[in-house]
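Paired with chain B in one complex and with chain C in the other, chain A is shared by the two complexes that follow.
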Partner chain A sequence: MSAEKVKDKKSGNGSVGVISSIFAIIVGLIVGFIILLISCPNEAVGGFVTILTGALTHGTKGLGDVLYQATPIILTGLSVAFAFKTGLFNIGASGQVIVGAFASVTVGIMCKSLGGVHWLVALLASAVAGALWAIIPGLFKAVFNVSEVISCIMMNYIGMYFVNYMVKKTPAIFDNMRNQSKPVASTANLPKAGLDKIFAGSSANVGIIIAIIVVIIIYIILTKTTFGFELKAVGLNRDASRYAGINEKKSIILSMMIAGALSGLAGGMIYLSGTGKYIEVVDVLCDEGFTGISVALLGLSNPIGVLFAGLFIAYITTGGFYLQLYSFSTEIIDIIIAVIIYFSAFSLFVKNVIAKIKVKKELKAESKEGGNK
Partner chain B sequence: MSVVYFVVQQMMLFSIPLLIVALGAMYSERSGIINIAMEGIMLMGAFAGTLFLKFTDGTMSGQLQLILAILISAVVGIVFSLLHAYASINMKADQTISGTALNMFAPAFAIFTARIVQPEHVQQVQFTNTFRIARVPILGDIPVIGDMLFKNAYITTYIGFVILAVATYALYKTRFGLRLRACGEHPQAADSVGVNVYRMQYAGVIISGALGGIGGLVFVVPTSTNFNATVAGYGFLAIAVLIFGQWKPIRILFASFFFGLMKTIAASYSGIPILVDLGIPSYFYKMTPYIATLIVLVFTSKNSQAPKAEGIPYDKGAR
Partner chain C sequence: MDYIIEMLGITKEFPGIIANDNITLQVKKGEIHALLGENGAGKSTLMSVLFGLYQPEKGIIKIKGKEVKINGPLDANELGIGMVHQHFKLVHNFTVLQNIVLGIETVKGGKLQMKEAREKVIALSNKYNLAVDPDALISDITVGMQQRVEILKMLYRDNDILIFDEPTAVLTPQEIDELMKVMKGLADEGKSIIFITHKLNEIKAVADRCSVLRRGKYIGTVDVKTTDKEAMSEMMVGRKVNLVVEKGEAKPTDTILEVDNLVIKNKKQGHTKNLINNISFNVRKGEIVCIAGIDGNGQTELVQAITGLMPIDSGKVFLNGEDFTNKSIRYRNTHGMSHIPEDRHKHGLVLDYTLAENIVLQEYFTDEFSKAGFLKKDSINKYAEKLIDKFDIRSGQGIITKCRSMSGGNQQKAIVAREITKKHDLLLAVQPTRGLDVGAIEFIHKQLVEQRDNGSAVLLVSLELDEVMNLSDRILVIYEGEIVAEVDPKKVSIKELGLYMAGSKKGEK
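Entry: the complex of A and B
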C-alpha cells in the first residue's frame, strides 16, 4: 500500500465527501421547503411530504418507476463524472444522448430481422453514436486546445438540429401526424428481466441492471487499471503526464469518447423502454444530459456515488410527479436540485476544512506522543 | 440594397445582446472569476424585466417603461450574480459547479414563479412590444447609415454601444480597470501592492451580473412578445464570443457582429432571396451559428489570451 493511500484512509476522505453531500441535500431540501412556504403556506407541508415520500405511496410501482427514472440519469451522470475524473467537463451529454437516441431508434425501426438480440444491437448503436459525437470536442481539445465546455455546448445544439433534421427527412422513422419518431419494433424494446413481476405496474426494465454493471465497469477502469490511471493523470496535470510518457492527446480523446458512449447509451435506454417516449421534432435540448451534471456533482464524480445520486434524484423527481395534486408546479424539484448542486460546490470547501482540522489533530497527537517518549 | 438594410437591422437585434453579455462576462473573467452562469443571469434579468413590462403595461410611455425595465433587469442580475460571487470568492468553490447550479436554478425558478405571480398561472410572460422606433428623427435621414442603424431600431441598440464605450474606457483608462485586470493576471502581485483582490473580484462579478441581466432583456424584447423561461443558449454563445474576442472589448464587438450575422441568417434566411434560391434545408441554417463557433474557436484557441489566474480561487495565504 502506497503512502498516499494510507494518508487517504487516515483523513477519511470518502466519509467526509458523503457528509458534505448529505449537508448539501439537507440545505437544498430546506430551501425548497421555504420556497413552498412563501408561495403557498397552507399546502407547503403537504407538498413537501409528497416530494419526500411520493415515490413510496404507490407500493412497488413507485419504486420500480424510481429505477426506471434513474437508469438514464445514472448513465449521463456517469458520463459527466468520468469526464470530470479525467479533467474534462462534459456539458455535452445532452447532444450525445439525443444522437444516441437517434441511432437506437433507427436500428430499432429499420433492422427488424435481428430477432432476440435486436434490442442489444440498438443499445450498442446508441453507445457508438454517442462516442462518435464526443470525438469532436475531444479532438478539438487535444489538438487545438479548444475549451471542451464551449465546444460541447455547440455540439448540443448541432446534435439537436441534426437529429431533428434526420428524423424528419427519413420517412421510415418519421410519424408525420404527431411530428415525432415512430415506435420501434417490439423486439427492440428493452426486456423486463423479471423486474415487471417484482415492481408490478412500473416501467422498470433490464436497463437499470445494465446501468449498474456499467457503473461497476467504469469503477474498475478508473481505480484498477493502468488505462484509468493514465486518464486520471492527464486530468490532474497534462504536462507532467506527457513528461511521464503518457500520450495525453490520445487520453483526452479516448476519455471524451467513453463519456460520449455512456451518454449515448442513456439515450438508447430512454427511447427503447417502450414507455411511449418518442423523439419529438422540437427545438429543445434534452433534459437528461443536464440532470447528469447534477448527478455527477452530487455523487462527487465517484461511480458508486453517481449510482446513489442518480437514485436519489430519480426518487425526488418521482415524488415530484405527485405534486400535481397541489398547486405547485414540478419545477420545484429542479430548484431543489439546483440548490443542492450550489451547496455541493461549498462542500468542497467544507471537506477541506474538515480535512485540515483532522490533520492538525493528528499533528498534535503525534507531537504529544513524541513529547512523552 | 433593401436586403442589406434588413440584414443589418436584424443583425443588431442579435448582436447587441451578445455584445452586452460578453462584455459582462469579460469583466468577471478579467477579474479572475469564470462566469459560465451568464445564461442563468440573462434568464433572470429577462424574467424580471418582462414581468415588469407586463404589469406596468399602459401606465407610462414606451421608451421610459423599457428603460425602467432594463434597470430592474440589471438589479436582478446583480443580486443573482452575488450568489456566484459568494460561492467562488468567499467559499472558494469550483466556479464551474457554482455557475452550473445557477444555470439550472434560473429556468426552474422563472417557471415556478411565473405560474404563481401571474393571474393566468401560466409559465409564459406575455408583454406588448411598443418599443420599436420606426425612424429616429434627423439621424434616420442620413443615407445608408440612417437606413441601417436608425430605422426599425430599438433604443437598446444605442444602449449597447454606450455600454461598449464605457466598458472599454473603464477597462483600459481608469485605475479601477488596471487593478481589475491585475487581479485576473496575477492576484498575488496585485495584493502585494495593496489592491483588495476580493473586492475587485466582487466588482467584476457584479458588473457581469448587471450586464447579463440587461442583455437578457435586450435579447427578449425585440425578438418576441412573450418570455418562456429561456434565452436559447445566448449566455453560452456570449461566452464563445468572449473567447473569440480574446477577452478584449473591441474584438468582442466584431465577434458579436459575426455571430449576430450568423444568427440572422439562421433566423431570417427566408427573407433573403439569395439564400432561399439555394434550397438548403432550414436545419442547416439553424446549425450555422454553432458550427461557425466551433470553426472559429479552432483558429483562436491555440494562442489563447485568457486571463492567467482565471478560475483559480484566490487564497491570501498561498504565496
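Entry: the complex of A and C
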C-alpha cells in the first residue's frame, strides 16, 4: 500500500473521531438550550447566546480568562488521557492535583530566596509531588495487580485529608483567620509572559504556554518514541509486552508517575496564578481532577484533542459565568458539559453509523461503475 | 435417499468480499458430513447462514425437503439444528446441569424444576456415552468435558442436525479419539452431523462424505472412503500440497541450548509434584528437537523457563555456553533466542497494534528501528513491508492493519516472520501450526526445516503426532514434568510414541 493511501486512511479515522465529538457537543448544547427554555422561556435565546459568546463580551479579557481556566483542565485531561493510552484509568487526578498544589504552595511561601526561578521551582515541586503521589497506585498495580481505580480513589481522599492536615499544622503556611493557606510570595506567582498585554485585564499567564508545550511533549512521547511504544504495548497487552522483553512493571509505574506529574502540575498552575485562590481546609475533593476525565473523554484521549477539549470546556464555562446577568444559574453549564460527556461516550456508536454510511456510499458507487461496464 | 439439509446456491456478500458464492451443501440423514476448507474459505459464513445469523442474498435452504426461512438461532433450534461452537458458549460459574437447561428451563409456579431435567440429562449421557457430572462447575472441568456439555446441550434440545465447528482444535489426542467415537455413535442413532474442520486425518476417520470450499466457492463433494488425503487437500488448497515434509539428513554440530537439571515446583497449594522435575537436555546447531507429549505435562512451563517468562527453582539454562539462567527476557531475546509462543493472542501479538508495530515488537529499540529514543517509522514500515511480501502475510490494509482484524493463520505468519527473521541461534517453536490450515502448515514446516539447514537449533513443542514424526530429528517425550524417553523418529512407531506419551512405557534416556 502506498504511503499516500496510508495517510488518507489515517486522517479518515481521525476525522470520524472529531465528527463524533462535535456531534456530542451539538447535542449537549441543544439539551442546554432546552433547559434554558424550560426554566425561563423569555430569556432562553439571550442566555444561550451568552453561553456561546459570553467569553467574547469583554474583548480580549474574556479570551484570556478562557486560557487561564483551560490551563489546569488541559493538564488533568492530559493526565487521564495519557494513563488511558497506556492502559490505566487515572481517576486519582484529584488527589494528585491537591498534593501538587500543596507542594507548590509550600515552596512558594517558604523558599523566598530563590528569586527569579522561584515560580519554576514551585511548579517543578508540584509535578514531583504529583508523580510521587501516583507511584503508590502504580506500584500496587505493577506488583500486586491491584486495580488502579480503587487505589486511586482512596489516594484522592488520603490526599485531600493529608493536605488539609498539613496546611493546618504548618504555621508558616496556614492563615488562621480564613482557614486557608497564606498567599505565596510574589516571586512564586507565574509570570504573565506578555499575555497580560495581549489579553488586558485577564488572568492569563505563562501557564497556558507551558500546558501547550507539555501537550506536544506528551504527544511526541506517545507517537514517536520507543518509550511511548513500550508504555502503550504494556497497556494493550501486558503478557505480550513481557514476552517482548519490556519491563512491564517499570512501564506501569512510570505511566502512573507521568500521569501524576501532569496532574500535580495542574495543581501548581491553579495555586500559583496569583488570582486569589488558596488551599482551603475543607473536606471537598478538588474539581479539576474530575473535569480532567471529561476533557480526556471529549478529546478522545488524544493529546491534541485534549488541548481543544480543554479550551472548549473552559470557553463555555467562562461564557456560563455571564449567565448570571439573566435569571439563570451558572450550573446550567455543568449540565451541558455533563450531556456532552455523556454523548461523547457514544462516539463509538457515531463512528459506526458514519462508517456504515461510508460503506453504503462506496458500494453504491461501485455498483454504478459496474453497471457502466 | 432424501437429504435432511439442502442449501442450494447460497450467496452471501460482505462489503468488498463474496464470502459464499453459489454454494451447495446437501447432507443425508444419519451421515457425518465434513465441511472442509482453509481459513477464510467461507465455512463459518455458510454455517451462520444455516443458523440464521446472516441472511443470504441468493439461494434457498430446505430442511427435510421443505423450504424454510431461518431468521435467527431460535428458528434454527426449532428446526432441530444445534451447534457446538469452536469457542464454547458456557456460563463458567454455573453447573453442568444449569448450563444444559439454560434458556429452556422447566418452570412451575416460578420455581425451577431441575429434577426432570437432571433425569433427562443423565439418561442422555448414558445413552451416548457422554459421562459428565451434572453438578460440577464448568470452571472446574476440562475442555474435553466442556465440549461434552455442549453436545448434551444440543441433545437436550432434541436437535437432530448437529454442527461441530472445528471441535478437535482444543482437544488432546485422547479426547479427540473419544469425540470421534461419540460422533459415530450419534450418527448411528440417526443424527446428522456437519463436521467443520481442516484436518484431513479426522475426516478420514469419521466422515462419510466431504464437501470442499475454497475462497468462498463450492469445489465439490466427495465420498471419503474412495478419496485419498492428497486429493482432498488439493481440492481445498487448489494446488498439490506436500503432506510429507521434505528434508534432508540433519547435520548437527555444536551444542546451542543446554538445559541442566531444571526444576519448577508447583506453587498451588496441596500439589507436591514438581511441574518440571530435573529435566536435562541439549539442542545442537542444525537439528530439530521435538518435545512430544500430551498437553499439560510441563511443556508450557519448560518453554517459559527457557525463555525467562517463568521463574525456575533450580537448575541452569545455557545458550552457546553462556549461563542464561538469571538473564532478563530482553537479554535472551537479543542474544540468540527466538520464540514462537504457544498462545499467539496472549503472548505473540499486541492485537491492537498495527501489523508493522507487531513485526518490530522484539526489535523496535534497536539501532535499525530507532534513534535516540525515537522510532524510525520509515525503516519500520520498509522492514514490515519486506516481511509481508516475503512471507505472504495477507491483511486488509497492509502494514497499518490492526492485527486483531487479521485471520489466525496470518497472525501466526506474522509471528513466524518476526521470529525467524530476527537474528537467532535457537528457535523455540511452540505448537507453531495450531489451528492453521494445510497450506499454512506446509509453509511453516518448510520454514522450520530451512532454519535448521541454515544453522539454527530448533526446539519444537507439538501436540500433533504427525508434526512430531514429520519434522523432528530427535524426539524427547515429556510426561508429568519429566523427560521419559529420547527416541529417533525413524525408528519409532506412532503407536510406541503414544505409549511413551501416556506414561505407560519408559525408555532409556
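Please note the rule applied: the second predicted complex is superposed on the first by the 343 of 373 C-alpha atoms of A that agree within 3 Å, B and C clash if a C-alpha of one lies under 4 Å from a C-alpha of the other, contacts with A are read in each partner's own complex, and residues count from 1 in each chain.
The working rule: a residue touches a chain if its C-beta (ideal position, glycine included) is under 8 Å from a C-beta of that chain, and two chains touch if they have at least 3 such contacts.
Nothing here was measured: the structure is a model prediction, and the numbers come from that model.
Once the two complexes are laid over each other on the shared chain, residue contacts for A:I22 go to neither chain B nor chain C. Chain A is touched at more residues by one of its partners, and among chain B and chain C that partner is B. Once the two complexes are laid over each other on the shared chain, residue contacts for A:Y157 go to chain B alone; chain C is not touched. By the touch criterion defined above, A:I357 reaches neither chain B nor chain C. Within the superposed three-chain model, A:I30 lies out of touch with both chain B and chain C [touch as defined at top].
Contacts of A:F229 after superposition on the shared chain: chain C is touched, whereas chain B is not. Once the two complexes are overlaid on the shared chain, A:I213 sits clear of chain B and of chain C alike. By the document's definition of touching, of the two partners only chain C reaches A:D239; chain B does not. Note for the complex: chain A touches chain C at residues 1, 6, 9-10, 224-227, 229, 232-233, 236-237, 239-247, 359, 362-363. Taken together, the chain C residues at the contact with chain A in this complex read 15, 307, 309, 328-334, 339, 341, 346-353, 357, 361-362, 364-365, 370, 373-375, 377, 397-400. Chain B contributes residues 36, 83, 87, 91-94, 96-98, 100-102, 104-105, 107-109, 111-112, 115-116, 123, 233, 236, 239-240, 243, 281, 283-284, 286-287, 290-291, 293-294, 297-298, 301-302, 304 to its touches with chain A in the complex. Interface of chain A with chain B (complex): residues 35, 39-40, 89, 91, 136, 140, 144-147, 149-151, 153-155, 157-158, 161-162, 164-165, 168-169, 283, 285, 290, 293-294, 297, 328-329, 331-335, 337-339, 341-342, 344-346, 348-349.
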